[in-house]
């Protein structure tokens, strides 16, 4: 049990980080276990609210794959994936929007419950995310899967400046008002760039980039974007980690100061990343 | 075919109404046929965008009953009503949120498609609508049906002042973050009061209040709130019209200048109400 | 007789134009029949007020030749013209100022009567229009006829932003406070440039530029500024049309988006030009 | 010849007055000799500009009787007065507006020439002065002579706050846009009240109120409004001084701090009144 | 050694307090050991900077008794006290100002060294603290000892709103510009009232109010202002504690929400008071 | 004895200068006799307050050499100078800070007494003046003598814009918070540059630069910076004047419009310089 003084000491230790990020914007891709486990969820929300109160501006971009799959199942619709991307026909798109919309407002509501002021937005609000159709890796048609064409950040800027924490559901809008299902990592990366964010944090269900994927001690703390290709060639980067790293690289090239692939299974991993010098996960830097 | 000059004349006729409502807020309860029929939908959206451009601030509160019933059916869940209110168990509440969320962003997106800037919000955003549990007419438990406890209008005011058209889904938030299904008419009435709106417009699927419900020519154009009780006693007010009129009365008592029950099946009924002197539907006034 | 719905349709048709010109400035040179005929006058004023209410910023620059001539006659002073310019001795200059001043406030007052907020200014207010002496076409002295040296738009910007419609009388101020009689077309063109206006509209008493001046059907709808010299060579441009076209060209070169020579004898010609796609008169464009 | 140090001493002596009136509004009725004599005119303008630069907000309301009479004569129209008021038929009203308009812009221009920023307004601009018909002393019809019904000060406030010196011509607007000829003293008094001015200064062609009108040494420096009736009874107040004193009393009752009847024939009388403790003329106080 | 997660937990524990005091003003009387001991000094400064970064507005009012005595000694001047107040002749007053001025800027500089933005002010700046002469307890003359007559908080409000931490030296200004030596506790109390502060914290060199002054375990955590007289009668309040409690009572009566007498010898006592629920010292409340 | 009219004439003469410097910043190095003689002191303060009221923004940077020497003497510490710079050991630095701090607040208080709003700042406030150690002319260690490394003008800008007159004591802050004694002339020059001041005025105890130092009539009114080296070569510039001229040159090169070496023994020399065309002292220009 800590003495009050020891507690004070810990608050004091956070001061340099609070100063460093004061007034900065941090975009967080929120997904995976951290969105399913109730304690982790509460911890992430607390981190967001705490950040806002100490002068940092968090923006949340969330996914929702498992819940989408669950709802499709209840409706008797099969989920089909091509190269990691959900094939999105009209019925599926409808379910994607419904499920993401529900998750979106739930996150905003959790933020409100902790004393923050969350606002749930989708890429369709004020044309926040315009999208174009994306083809599968072999250029096959995979339906209403989109990639970000343009981010219109003014609605986000308005709500951030008025003290709200925006929560963004990665549904984009294309020609004729058509909805598109956008990968949340890519949406977060594009939004971080458009907002000239200081940090992009991607919560995942792994420790970060491991030199040896069988050895959790082999975490690579920092990677420069110029060294990414070597890591790919050496096979260190594989599977789902490749697009996440690509999102980091895009954000860095777009002017974001640092990007982070964090283990969302660790409680308060965002807080630890931002407020302590013991970086966790892998940081991708220029 | 009109000559250009005749067209100009009609624009000029609208000028007194534009002046009259310049800078005022108009809350519109949107539902029924006007939300299902594609042409009517487009007409309503156009009316909203036009109002915004000529200096009036529309706020939309929408329902979604038929689509909720449809989705429940697809999920094999029965819809049950008590005294006109949907009995809302946990599964139903989840579906209500999902379906209303989808409709909500679709409306915002239609507004955007016409050159406005729509933002889809729910009562859960920034605690916009806090709610308490509502019992059925015989005080039975009907689940997560709520009534408005408080409206926190600052998020709406922020987006209105920044030039957006807010679209509100009537899901409220209660103790412990519980979601509540709120009747859209009541939500619209409470929001109109909180925003000190000039007008509340309720779109319905009837002509307005008919003196003789079998005679469409018997429309009552204007009712004073003090005469409502007489209408009820005489049996003129019945069924679904009663709560709508109650919403109007509440809004008037809350300071709203005029309230209108309009026939949403007539294209551009909002525009006609606001921009011509030929009032349509029934107006409830102090 | 139009049905309400047909009327609504016409308002809706105006929406794209309202959107297009929202927040833009339009400078109108007002003169000729439109300033003498009482119905036309009322129509022009209505057009201005309507524009202001739907978010467009009109600025009026007016002439007053016939009324000046009339007053000079009452005072027993002859009006003399050289190359279309009024020879302006001291007595004439005094009358010019008096008559234009009276017209100026009358226009402002008409705007006020229609619910707008008009403010009558002259080029002498806050040095709005500074002037230098202009010689006649053969370099003879024609008295206090001036050309615009500089426009100081800050007073105009102040009143525009505060919601007023400025009405400008084209009297400029030169060295030692000397007043100068400036041609209203040139003043309007210079003001449009200084305000970075979107449009300059010159009301005249002809249909526009006619290919064949005896054939009103031969109206040229659009001319590029590069094609002006050809029109002049071919004799299509003659007489009083030449300086008006020059004003258009100057404004276009100064950054104004489009310029229009309209027939002021057509009621609501400004409204028709701005709010319908059926352009009337001749448009001069880059 | 003063030494520089003596000059500095005089600037320093003005400091307490500059402090006292910093940010205050002073309304000046400008007329009589001070408007005709070229040196006096220049001195008044200098006083206005100096006041503005040291943080005081002057507002000028001017007359123009002699110039109106002159112009009427040139047009062959007789000037007729009833009880000191000009009988104003339609032709006369037109001339009043023209002449006052010219004087108005000339004053603004003189201010500009001295480095200030003058703006010439009439009571018709933005409905600054609305008027109703005033009858003669025996209730006979004297034409378009008006009295102030209402002052709409927002245009004045806008230009004052933006650093301009407003110059107001006392032409009011009545029903149907009819122009009315308003006495400049009354207009100044009404404007001082509406602007919550600190001071009202009326420039006249006499020393102030004289106890014995044949003895210029018998100037009454200060009069309380409660003592006015005694002065009238004793015959000290007579003729043209009576309405001027009435204007002072109205302004004092309307909340103006002090009012002054000054001798406009003394150069820089305004400056002397404001910046020295040696009051000149007669001050009317609560 | 704490794990990162335990550290995060402690930051999270502070969140409710950060929310509670967000945007509030806290006035701190700084003196005693906390101002002499170098580690304590650093700890206090850190607490101030941390508070500012998390949205709380600290204002420091400091003493300097021991350093004043030291400097007087170096100058060969005896320090004399009457009833706890320093007899302040002209030479002493000069030394008081010099020493407090040096301490004042040193505190500001320490704040700057930690990343805050400190501004050292005295009661003489912009007449922040006007003072009148205070007599000794037996009404004898004790020189330039003053009590606060008025607080002019606008300078403080300006610097607080611009993000600075004001540090105030309790030197007041009286008639004719005479400096007065004001007790820092009273100055802090008056400033807290004038700023409508949420909290007044007085750092002392004791634990707080002890029921039994020989027993440090007998700390009284909370006292209502109505119970103060009983404590005095019972002899619990004695000596230097009496004026400190009086300052608290004055502040509470002036509208300050809570006041605290804290042990400045405990490192980070301010932080502990503000950010933990384990109040330390004695709180005086309404 | 002047007549009121003659007084008015002198105020009017100041108008062109008031216009010229309206809204400009003037930095004044205040020291020497003008700071010791009580009448001169009062005159300087009056000049500052008058400037502020007529729209000019004065900033004072003061010295305090004689008072520092006096206090050191009272403490039995010898003052030692190397090349005109005070050798500043730790004890001396402490005394410098104390004495300058007292003078600083006294100046602010005098300004307040005249109706201005003075704020006393040191270079340590908000890191206004950061410093590095300066060596003696032969590169020997002369203790805590500093030169300006950087000026952080935002605190000055804040207080200037809010209507205060800042008074700056030239104590800088270096590494680790160490205080440095900075020459006031150099501090004033650096501040003038950082504030983009229009003028730098250095008050001295001589007439200005004399062609022949034994002939007070040989004052050089204006020197271009390119001619300084010639003056030095010819021996016209000697001793204490050299660094003052260097400060002027630095300011001119830094963008200040004009710099002035004035005789502080002449009452109101600042006023005379700013408000009359009879420049006094020597002006150094580009």
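We just call them A, B, C, D, E and F in the order they show up, numbering each chain from 1.
To be clear about the criterion, a residue touches a chain if its C-beta (ideal position, glycine included) is under 8 Å from a C-beta of that chain, and two chains touch if they have at least 3 such contacts.
Note that the structure is predicted; figures quoted are calculated from it, not measured.
S.K.: Applying the touch definition from the top, give me the chains sitting in contact with each of chain A and chain F.
M.R.: Correct list: E.
S.K.: Which of B-C, A-E or C-D has the same interface as E-F, meaning more than half of the contact pairs match by residue number?
M.R.: Comparing each option in B-C, A-E or C-D with E-F, the repeat is C-D.
S.K.: What is the distance in Å between the mean C-alpha positions of chain B and chain F?
M.R.: The mean C-alpha positions of chain B and chain F differ by 69 Å.
S.K.: Suppose each chain is reduced to the average of its Cα coordinates; what separation in Å results between chain B and chain E?
M.R.: So the centroids are 56 Å from each other.
S.K.: Roughly how far is chain A from chain B, going centre to centre by Cα mean, in whole Å?
M.R.: Chain A and chain B have C-alpha centres separated by 35 Å.
S.K.: Chain adjacency by touch: line, ring, star, complete or other shape?
M.R.: ring
S.K.: Could you list the chains in ring order, beginning with chain A and heading to chain E next?
M.R.: Following the ring from chain A in the direction of chain E gives A, E, F, D, C, B.
S.K.: Quick one: which bits of chain B touch chain C in the complex? Just the residue numbers, please.
M.R.: Contact set of chain B toward chain C: 2, 4-5, 7-16, 18-19, 22, 43, 46-47, 49-50, 53-55, 114-115, 266-268, 271-272, 275-276, 278, 280.
S.K.: Write out the stretch or stretches of chain F touching chain E in their complex.
M.R.: Going through chain F, the ones touching chain E are 71, 74-75, 94, 97-99, 101-102, 104-106, 108-110, 112-113, 117-122, 124-127, 155, 158-159, 162, 164, 171, 173, 176-177, 179.
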